[in-house]
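Presented below is the structure to which this report refers.
Labels A, B, C, D, E and F are assigned to the chains in the order they are written; within every chain, residues are numbered from 1.
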């Protein structure tokens, strides 16, 4: 079992969700995050004082999947999130050792979906 | 503010015996002027207060990333508008009439006496109301500089010209057109300019999504209903100045009638919209009910001097019903994106209020045995101002679009106008999901 | 709004010599009527403005997930209330008295002249004030449809009946009961109805947690103190209309006295509550201090025409002390869950203001050598209205609970009434921890 | 509020023929008093309303973690201020003059008649305005208890003394100093006290960061522009009472002139600041434009009775320009940390308004051929009040700092004053990045 | 060392915290998240337009524990969070390779508690 | 590749960012979190009722790095965040199995930076 963590542009969330649905991946958890990366920030000024904003708004996805679903999950995220511009984001895959469904105590691969 | 002087004068006037009959008469005449003046100045302050109502309704019903831009638009359409109306707008509206079409004197209200200053003060806040209505319909995607240009033209020409027809002694006034406080002159005018603007501008990204052959209508939720609701209460409050002040005299005893009618019309509007929304969408929707109160107010504005309480309740209920259906119609059928419902509230219900005058006027209304004459004139008035304002605004917005550009870029729209147009954040530090 | 006409009339009146003695007298009489009318209409607008104050205080002191519901309750208790008070409430309150118990004429204020319309306008906003007080105590768990039904009965019967006793020429008026602007008639009435409602409804989930044999009292924090504080300032502002308008005449020279007393009472109330909270909880608490200002205002409402500035300061300080202790008492001892403190602010401090009248009345008050007669009458008045309103409201809420249901389901309460009752979010996009 | 009585009196006065000439005269005199009274009481209510404007501007332009503290400061500077001004301040300002330096009678306004009560009501809200200005400049780091002590002294002594010089019949009044509604008396006084406070207090942590030999100026963003903007509109609204009420009479026909001038000055101020910010920072900045409207209002306050519309526009534009440059100067050059720009808006633009009177006065102004006499007096007035207020405030704040302490600890400042001073959160449940 | 990530219903947070306390697990970090899973969303309507809300509010816990505490942590979360209804949430267990207490530089098992 | 998760005091974020820059680590993602640890909470009271606040505001960093950067990353975080007081926070290091740059499909060590 793998945990896919993806940082994407906020306005790509809907298309990523649609791509995931197409691949029959329905379970995903989302938080909002600030990201600092290659993408240049922008300048605000507040009352005449310049502010360099280099923490940009990103959406962070967590998708736990079984190995067999890993590829299609990665594909879906990439397809949905890619615009080709800097700031499109990153995907990290981490190992999951155990997974439990709280409702009924299911564990492992059964629990994940 | 030196008390000594004031007291001296006052006491002089008060000591019995000193004041001869002549003086007494002069004093009574001073009171007449003063009553008119303080009534109108206070009413004008109330109408000014509607500005913050408009601003908050628009802020509340749009997304957080554009709030600062909305503030600037609302601050500037009043500020720039006031300067323009001083220099130009008043002259076009109330200057010596050129064939009943527009006025052409009193630029910069030069040589204004106390009467004219009072009137100007009351009129400038009306002009600003018409101007600011448009802001809501064009929210979240209009270039700020373009909005400034628009402001100049609506307060300088578009509004004053049709205002002249009705209130400046123009041709509609001669016909007997009745628009007591401006359902048509102010609200419809604002509403139709809003429609022209929204049309030329196009919808916000993501509002109407083409799916195959169909267009799917999406909701773009407002981010702050408490502020929107405060805005509606502020508008309602200010409307007592708007309607009751339109007597233009503090000793016109119909003031209390007008206040009562305004209250009942607004209340019925809120109820009408709530019930309609409840029936249509299964829930008593908040933002629609808020729009309903405004719809009732707009609907009662033309006729609050001449309808009965029962008439007011019916007009309000109908306005509430109408505003919900109209918002759905513009959204789902015409696909004109109006984030706050300005076209329906002000344009459509403004017409309704104007027509309703022909129906419910307790003397000349159709339902009261007054025949269809007034109704006809009301229809002519509503139609001609619709044509003038829509036409002139379309030209204005098309020219702006062609020359300086009317709309921000896609990237700017997505990032939000606060950052891209004003370099600011409105809710710094708050965690807000901006993809919504 | 055609200037020509207005100017014509005005100038006609002003040209010296034309106005004969007769005309002058008529004009002065018109001024008298106008002064009363514009004073009352402006005061009514100020009292109307209190509606948004109540709404924001309630929104601010409750959780974000119920804000939209609060907006709807506050919009609708005014809107429905106005219609009911027009059709029914006014008649019960000010119609021809049936044995001093209730009025029974002037339904739909039919045939109202300019005087009656002015009075109605001023009274409807009072009725709406009484009605909306209840909303706060019943916040975050009441079914919206049940609240609408409640609104009909409070504005149509409960408030008008006891209002009739005091202001409609009823039996309490005959006794010499003094409640100048409504500490008892409006505020206590609202407060006791609120108490009845909160009692029948029960506390919010998680407010009182049974731990073994003890009940542990939990805090459920309000989500927006800035809005709550704006609401308090709005109420204070509107209260100048509430109290000073209650002269019912613009030429009653006690208006300035009343405004001063109102200011001092409110200020002392805020200080009293702040100091009390500081002593009891170790910190000058914000929401308690805000309640304190309102407590001072409620406490001074009955007697602002008859107490001295020093009296006002003492009454206010005591109200501030009282409101903190009372809020704690209702919360920690009685376990009646009142999210905004409506029972203590309006019910308890309303009684205090009524009693204080018997103590501080500069002519008839106990402390000023006036004996205990007035005090006795005041106590009778406060008690009888307590009994009537509490009794009638208990019946009303119990019947509602039995029939249509008064409270939302547990799931709906946990999810928030915005989504479950109105299908909306009030702060779309904002990240809010909803488990709090 | 018993209708019977009121009607009786009114009808008695109205029945034609009954009112003899004598009675008529008395009635007209009553009207004169009433017009003055209701005008001033309504104006006072409007000025009171400015309190919530100040509170929201300060809340909006600071961080969320200090909002509750700001509410408390604003609630308490009015509440404590009103009590002090009743007991003491009025006496110092308007009591019998001691050599034109300060007043010394009418403590506790004992024996006040209806005239004095009206005046007190109008004056107390002015005193509170001066007091609350300081709050903004000292935001986010001042000990609450120290702020309470400050409040007592500004409303009890500092403001009343210089107020006495100008409006209490003191030496500046004798010189012919013209400050119609308080550019200097109220606003500069508040602004200079704010400067003294900010200076003694020092900047917020993180505002000026020493980097090697340089000091780098950081932005600390406000957290709620919608509230700040509502506050500005509220202030503008209240300003109609502030300026037009300063006629002190409801029958002064210059009221409408003053309202017009106030409108144009404010509008021009907003435009001036927007344009200046646009030129200097590349974007039309929101908070600067908001400050600009206030700057225009402050600038026009001294002279709204005596300048022409064109003069008002020029004064406003200049105030808008000035406020931006001044804010930058205090921030980037002097490193005095003033989160809301109070020093620049009220102090600097207050002086500008005072000087501008000497330039644009349509009779005695330099630009209108009136010579430099008035200008000289205006400069003396502005300078002497600058010296008095700055000096007295510096002493006050230094003494407070020495004795009880003026500033919260570093930890408290970082955690926010809401939690550490008041044990509360202002936006419970909202996710807010507090490191910003 | 393991990192326990749990998504739970927001209104179960208090009881989960209480269960953890009972097991003497005092350290936990919390973020709020939106979750999309088996649990049906709900419909809102905004100005007459239907909105399908399928991102539901969830609370995300992170608890870093030593192996010996893993079982009791999982138990505590399950006991506190379970209602038996769909939407109760999931637990994922990930391996931690290193743990450092910033204050004093403690590392490994010592640092975690 | 490792995922460094750090919980720090909110007011240390700027100095952590500066330390990371010094070490030429420019990429980082940030969320805000509530933490419950050794650090004592504080008491608020709301309307006379005491509230024990034991969930304190923390900032959560995620920094994905190649092994070679791990030490300097940890150093930077510790240097920037340490005040020596309780509540300074924790760092957890987790293994990353795969990393993808969404923009261009780069994977592995190349994608991380």
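The criterion applied here is as follows: contacts are C-beta pairs under 8 Å (C-beta built on N, C-alpha and C of every residue); 3 or more make two chains touch, one makes a residue touch a chain.
Computed from a predicted structure; not experimentally measured.
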| query | Which chains contact both chain A and chain D? | reply | B, F
| said: Please tell me the distance, in whole Å, between the geometric centres of chain A and chain F computed from their C-alpha atoms. | reply: 18
| Measuring from the mean C-alpha position of chain C to the mean C-alpha position of chain E, what distance in angstrom results? | 46
| note | Chain centres from averaged Cα atoms put chain C and chain F apart, in whole Å, by 51
| remark: Check: chain E positions touching at least 2 other chains come out as 31-32, 34, 44-46, 94-95
| request: Mark out which residues of chain B touch at least two other chains, giving numbers and ranges. | output: 24, 28, 31, 33, 35, 42, 221-222, 224, 230, 281-283, 285, 287, 423-425, 430-434
| For each chain, which other chains does it touch, given as pairs? | A-B, A-D, A-E, A-F, B-C, B-D, B-E, C-D, C-E, C-F, D-F, E-F
| remark: In the complex, the residues of chain D that touch chain C are 1-4, 6-7, 9-10, 13-14, 16, 19, 24, 27-28, 30-31, 33-35, 37-38, 40-42, 44-45, 48-49, 51-52, 55-56, 59, 67-68, 71-72, 74-76, 78-83, 86, 108-109, 112, 114, 117-118, 120-121, 124, 144, 224, 227, 230, 418, 421-431
| note | Seen from chain E, its contact residues with chain C in the complex are 10-11, 13-14, 32, 42-46, 57, 59
| Once bound in the complex, which stretches of chain C touch chain F? | 217-219, 221-222, 277, 280-283, 285, 287-288, 324, 327-328, 331-332, 341, 433
| request: Flag every residue of chain C that touches chain D in the complex, lowest number first. | output: 22, 24-26, 28-29, 31-33, 35-36, 39, 42, 46, 63-64, 94, 115, 119, 167, 169, 173, 179-182, 221-226, 229-230, 232-234, 236-237, 240-241, 244, 246, 248-251, 253-257, 259-260, 263-264, 266-268, 270-271, 274, 281-287, 289-290, 293, 309-310, 313, 430-434, 436
| request: Would you mind writing out the residues of chain D in touch with chain F in their complex? | output: 414, 419, 423-425, 431-435
